[in-house]
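Each structure below appears as structure tokens.
After this come two complexes, each holding chain A, first together with chain B and then together with chain C.
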Partner chain A sequence: MNAWIAISPLLLLVVGGLLTMLVDAFSKEGKGEVATVTAATLFLAAGVSFAALLNGQDPQDVPEIFGAYLATDRLGLFFDVAIGLGGGLSALLAGGYLREHGLERGEFYILLLFSAFGAMVLARSTDMLTLFVGLETMSIGVYALAGFRRGSPRSIESALKYYLLGSFAAAILLFGAALIYAGTAHTDFAGIGAAVEGGHADVKLVLFGLLLVLVGLAFKVSAVPFHMWTPDVYEGAPTPATTFMSVVVKAAAFAVFVRVVITAFGDEMSSSSAGGWPPVLAGLAVVTMVYGNLAAIAQNSVKRMLAYSSIAHAGYILVGLAASSVVGQRAISAVLFYLMAYTVSNVLAFGSLILMGSRGREAVSFDDLAGVGRRHPLAALPFIIAVLTLMGFPPTAGFIGKYYVFSSAVEAGGGFIWLAVLGVLASAVGAYYYLRILVAMFMKDPIPGEPVAVPMRSGSVVAALVISGLAVMQMGLMPGDMLDLAVAAAEQLFAG
Partner chain B sequence: MSESLLTTLLTIPAIGALVVLFLPRQWPNAVRRVSVGFMLLTFAVSLLLIPEVAEYLQEPMARLLGSDILIPTYAGGEMHYVQQSVWVESLGISYKVGIDGISLWLVLLTTLLTPIALYGSWTSIGTKVKEYAAAFLLLEVGMLGAFFALDLFLFYVFWELMLVPMYFIIGIWGGKDRVYAAVKFFLYTMVGSLLMLVAILYVVGSYEDVTGHYTFDLIALYDLVLPFEDQLLLFSAFALAFMIKVPMFPFHTWLPDAHVQAPTGGSVILAAVLLKLGTYGFLRFAMPLFPLASQYLGPSIAILGLIGIVYGAYCAWVQRDVKKLVAYSSVSHMGFIALGIFAMTPHGLNGALIQMVNHGVSTGALFLLVGVIYERRHTRDIDAFGGLAKVMPWYTAVFVLVAMSSIGLPGTNGFIGEFLIMAGAFFSNRGFIGYGPWGTIFTLVAATGVILAAIYMLHVTLKMFWGPLSKKENMGLPDLTRREWTALAPLILFIFWIGWSPATFLDRSEPAIVQFLADFDAKWESSSTDDSLRLLHPAPAAPAAEVEAAVEVPAADDSLAALVANPVPSREVVR
Partner chain C sequence: MDITLGTFLALGAILFGIGAIGFLVRRNVLVQLMSIELMLNAVNVVLVAVNRYHPENQAGQLFAFFVIAVAAAEAAVGLAIVIGLYRLKKSVASSDADQMRH
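Now for the complex of A and B:
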């Protein structure tokens, strides 16, 4: 019975997905029931996981009926919360966005639900095979979501680009998994870890395999230099799909990233600062932070800017991940907290952007936002909070997240301190382009003659903004509870 | 009740901001009155921080609150009104506030100047009055919080929090290039403070290495001894943040832009309070946490201060825009404060503290006066004026008076501060300032700053107020209005009060300074022999007893000032 509770979020999504199909078949066009059902399903999944986390289920009680394939641990539950929350909020955003821009079709939500299911499987996978299956389940749905605006060449381009490059990355990852299997005779992370630690592995083969797996994962979290697809795809996809990609896909990919480096390659050789994955991740973090932040400056489209900003955030998270080789649990809990904070923050940012467009005219560039803050101060409020939290400004979730990640890097000592210094300098650069949003909204006037942005009126978008905005402030002002959950999840990962 | 006084002071403006935001947009005058009302209430409550006032109001307050109120003494340099409650337990972050003789006058300066700044620029803001007033109230929360904070994390939060309202004040209600100035202001400060954040993390991490638990409690962290190499880097990170804020040469370039573009009220607050947080930060954080490094690098910062004094004065001399002139004079005056701090003598520090208040009063008044003339003529070009004394006699009188105080004429506040600072530098025995003729050289260079200040200030008064009234736009300019008088009067009062009776103010800060130096020396002594990572007082011993034993002040310094200005109470009073 316990095991069913432990994976109940997954089951909920499957049942909810089937239900949504039915609701979609029987409801009239543009009624919004499908969006509501989808969001409710995802929020329910998040709520169930959250309750399980709070109750502090002991992992030993859970029979591993899924063998070594699917984890039923706190880390999995933690990411269920992040994915359920991110997915549910994206569905709410879609509920307003799709109707406003004449794209209201039920498939969107069904794809979103099943993709979120894939993300949860990915986040819980403890085996190369489940990893791949989860990854593909998630990705195929997202490919379709990216191309959802069928009439728009950009959307199609976005989907095609994402699909081709994504498949390529998945193939590399699979190849890496195969090499690791060849080197260790294991596909499950624990088995791989035991084999490498015990010296039964062909080290060269395994290390090369690990490198390929890291490349595949780096693609999914859009770390430089595997980020090329991100700006185009984020820009071309409908904004709720972009939101979904930027939070759910990233969270799930980082979840499995954590599992791979800690469970499968947590041994001393692979995680030594001289060789193995820490220097690779540190290097990735450096180029990702620097490039992401610098490239974001040059953008004229807010959506593209947010795409680069999400690349930069992947860089900060990688700092924490690299530091986990030294301070382990503390760094992992920082990464977990950061991902949760990033999820609500990014939803808030994209949601604010969605709110600013109406009647078939989306707000995309900085010029579109000119003067909006003066005309509609209340509608601009979520954007202010979003900018502050993405910038890492107190007292928001983004600040605590950044603080926690960098503090774990400082604690790791040595070269990681310089990684943290570089990180804060990069985020100072980040302040510049985030401020451009505030400059546009409050300090610029619209170009005379150009149509001005009018915020849309949509209950579900407002609901998403209120939820994510409150979460951002809650995690900024009272971070204790979420920190405890993250620490407990990381603790269990290292204990088990 | 009385221990929550500081929290009350933070809450009043915060509530004010909320109330103002819910007032109808159509009533700009109501918005102005309500917001100034909240600021005045904050000021009134903050007066309770002064012992005499607290004593005087003891009975009525006790009747009002139902419990006795605390009478602060500021006698032993200890913290008063300390309030602490856990914020994030697992990280050792707490909400801890307190006040001592160092922050007392800066807090009162803040609560006094905020209403004046808003009231003085009453009419110059015509659009979005509501948001403007709310930004001011939030700014006040941030500034007060930064002065109160005794927890590094809390301090960082308030320190950053001040940025946002100021950014909007400059960026929305500023002049032509306001966006450039606002972004520059924001980014400069942000870069500095982020590096400071990393340094904070390192300090807290080191504390955890020693004790096994995290804390951001400043008082606990004071006890931490760090290796010299670490101190150098950490002090540099803190110093960078504070030097940008002060701003000191060569990090000052954001200041003229920000001042020139900011609306009058914003300039007043920026000059009067925000800059002080930089110098305050040195005293409260950088120096006590890293004594070895501050003694080692302090003279270099003092030299930057000297460069700032002379360079700022020269730049001020050649300005055609009177607001820019005042902005550069700020750079010059803040250089004095940095010099006083890093002379690290009782006089230097006392002078620096009183000069912080002086600069707030005088420069605040100057910016108000510049705002007055700008509102009438919509130009700040010095050449556009001339002979104003004939049409605006009162304005001229006040301007000249404030200019004299800014120069440091005896009898005004500026004299006290600059004199003490120079005396402090002259008798300094720290680092190489105290070596050979360096103290004298430092003092001489600083003195040229005073002369230059006289030159540029007299230059601008001459050009603006005397000579023929040649421009016909200047013919019918009205003199100071009642509102402008109301705003300026308290500042004039303080110019003379501090000038004639500095002891009123110095008596409160002196014990804190003595204690500060004693603690600094004790920690310096101990860590200069053994700079390994450890706690100064390993066992949780009673800190009071050790502090007592450690009090030791260089004797040579007292006699001169006692002879000349007698602003420093004698040692018996201190004890």
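Now for the complex of A and C:
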């Protein structure tokens, strides 16, 4: 396989993005075809990457580096699948949601597509330069998506908060990258790794720079204490935009997180349990899991609860990332599988919430969902699966993901075992607030006088729910296929 | 006084610090945008200075151009969001965007 095939998902998104702009310009009524083209482009990119992963049995077939800036490895392809799938499903959800709520404008899909392109660049970056450019390409699109409902103060507030904190975090990350450059004279991850390992680096500058880079990335994955923007931004943004940022942005940020800690700082000093990044990540994981789960309990809005839930999930992933300092390959493959499982699970959850609302009556709070399960059992079915997989209940993708991440932490031994124990306890707390959705849907009656939730009718939302629901069950019942791909991707990362 | 790399790093750190403090204490979104620009320019100072001392390749210079270009794109979206805020609230204070609370 040559390098052009390996970066074909990126090229596909660029061509698809330009095509979408043309289709948008020529479509008169409705934007159904724009949504279709966008979703098709993203699914095609995911499919091409998936086929490339399945066919390239020998990791040697895939060239390591495309130029010095973009990786063309299995890890990149794996995240192309996650980003293409997450983005495509978000586009399908948007197709139903925007029409139902009278927001139908073609820009949404174009921004989403180019933002997904930035996410893929970010996930493949092997240099601080591509990291920065990818991060900004992704983020700038998402800032605009968050403020898409221009007439709504909440949507603008959401965009403003995301924009201000996002660009502040990007500046911090960039200053960290500049300090690492000052300490090692390299901006590429491999060069940084070689300089640090060879002892040619100014250790103090590099470690301080690494700390700033980790802070910047922690903002993007919304780890506590850098999460303050998350609930407000997730609540105020249009729900398909929230879906996109909770799956695609998080997956891409974790992808580059993996590359930074493994490729650039995988040396013995930076990855020792006494100093360097593992204790920092373990500390972040602890506070993120505890705070995310506890804060989620107190929420009245389902959207806000899902925001805190996504913070908690970032904590579980950080457990795996911290454990990768001891059982590298094992932990990274668990993290990859978890991210894929989280992507489809979260799309399913937000998609179910979208399905529950119709024009003028968007379902947001637990009260909005009261009794809807008894009146519309079929529409409630995806929510049931979403609740189970987010809780980590077998036989769903969420269960297998949690199992792999926590068992890799146990394998790492030492203090990581306590991280795993805490993670299991935190997910037990999580069961409470996820089950509240089911209680509201099946055991509560609507409050008299309040509007009663009526599920919307939309083929594209149903299609997104069917795809993500099937993926959740497939990865739960037959996790082997996806896990093999994750293991192969992690193997190649450590070999290279 | 000898001008060394350390001098440039100190200048960069001071500029970055002023920008960060400005961002955190001011409530006018436009001033916050300017503070972010100051932080990004502090980064540029460091990048270009380091390149002077490691002239094997032009990574730092190149990086600085990318930072300038991306900062412009970011500012464009930021100003659009500020206009959106002003239309609804007749104010450009970030403290007026307070409908959602924890």
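Here is the rule we go by: the second predicted complex is superposed on the first by the 484 of 496 C-alpha atoms of A that agree within 3 Å, B and C clash if a C-alpha of one lies under 4 Å from a C-alpha of the other, contacts with A are read in each partner's own complex, and residues count from 1 in each chain.
The working rule: contacts are C-beta pairs under 8 Å (C-beta built on N, C-alpha and C of every residue); 3 or more make two chains touch, one makes a residue touch a chain.
All values derive from a computational prediction rather than experimental measurement.
In the superposition on chain A, A:Leu44 makes contact with neither chain B nor chain C. Using the contact criterion defined above for the overlaid structures, shared-chain residue A:Ala185 touches chain C, although it does not reach chain B.
Contacts of A:Leu11 after superposition on the shared chain: neither chain B nor chain C is touched.
In the superposition on chain A, contact of A:Glu157 is made with chain C only, not with chain B. Contact with neither chain B nor chain C is seen for A:Val287 once the two complexes are overlaid on the shared chain. Contacts of A:Leu19 after superposition: neither chain B nor chain C is touched.
Judged by the touch definition given at the top, the superposed model places A:Gly147 against chain C, while chain B stays out of reach.
Common to the chain B and chain C interfaces on chain A is no residue. Residues 87-91, 128, 131, 156-157, 160-161, 164, 167-168, 171-172, 178-179, 182-183, 186-187, 190-191, 194-195, 197-198, 201-202, 204-205, 208 of chain B are the ones that touch chain A when the two sit in their complex.
Of all residues in chain A, only 128-129, 132-133, 136, 140, 143-144, 147, 150-151, 153-154, 156-161, 163-164, 167-168, 170-172, 174-175, 177-179, 181-182, 185-187, 205, 231-232, 235-236, 295 touch chain C in the complex they form.
If you check the complex, the residues on chain A that touch chain B are 374, 377, 388, 393-395, 399, 403-404, 406-407, 410-411, 417, 420-421, 424-425, 427-428, 431-432, 435, 438-439, 442-444, 478-480, 483-484, 487.
Against chain A, in their complex, chain C makes its touches with residues 5, 9, 12, 16, 19-20, 23, 29, 32, 36, 39-40, 42-43, 46-47, 50, 54, 56, 59-60, 62-63, 66-67, 70, 73-74, 77-78, 80-82, 84-85, 87-89, 94, 97-100, 102.
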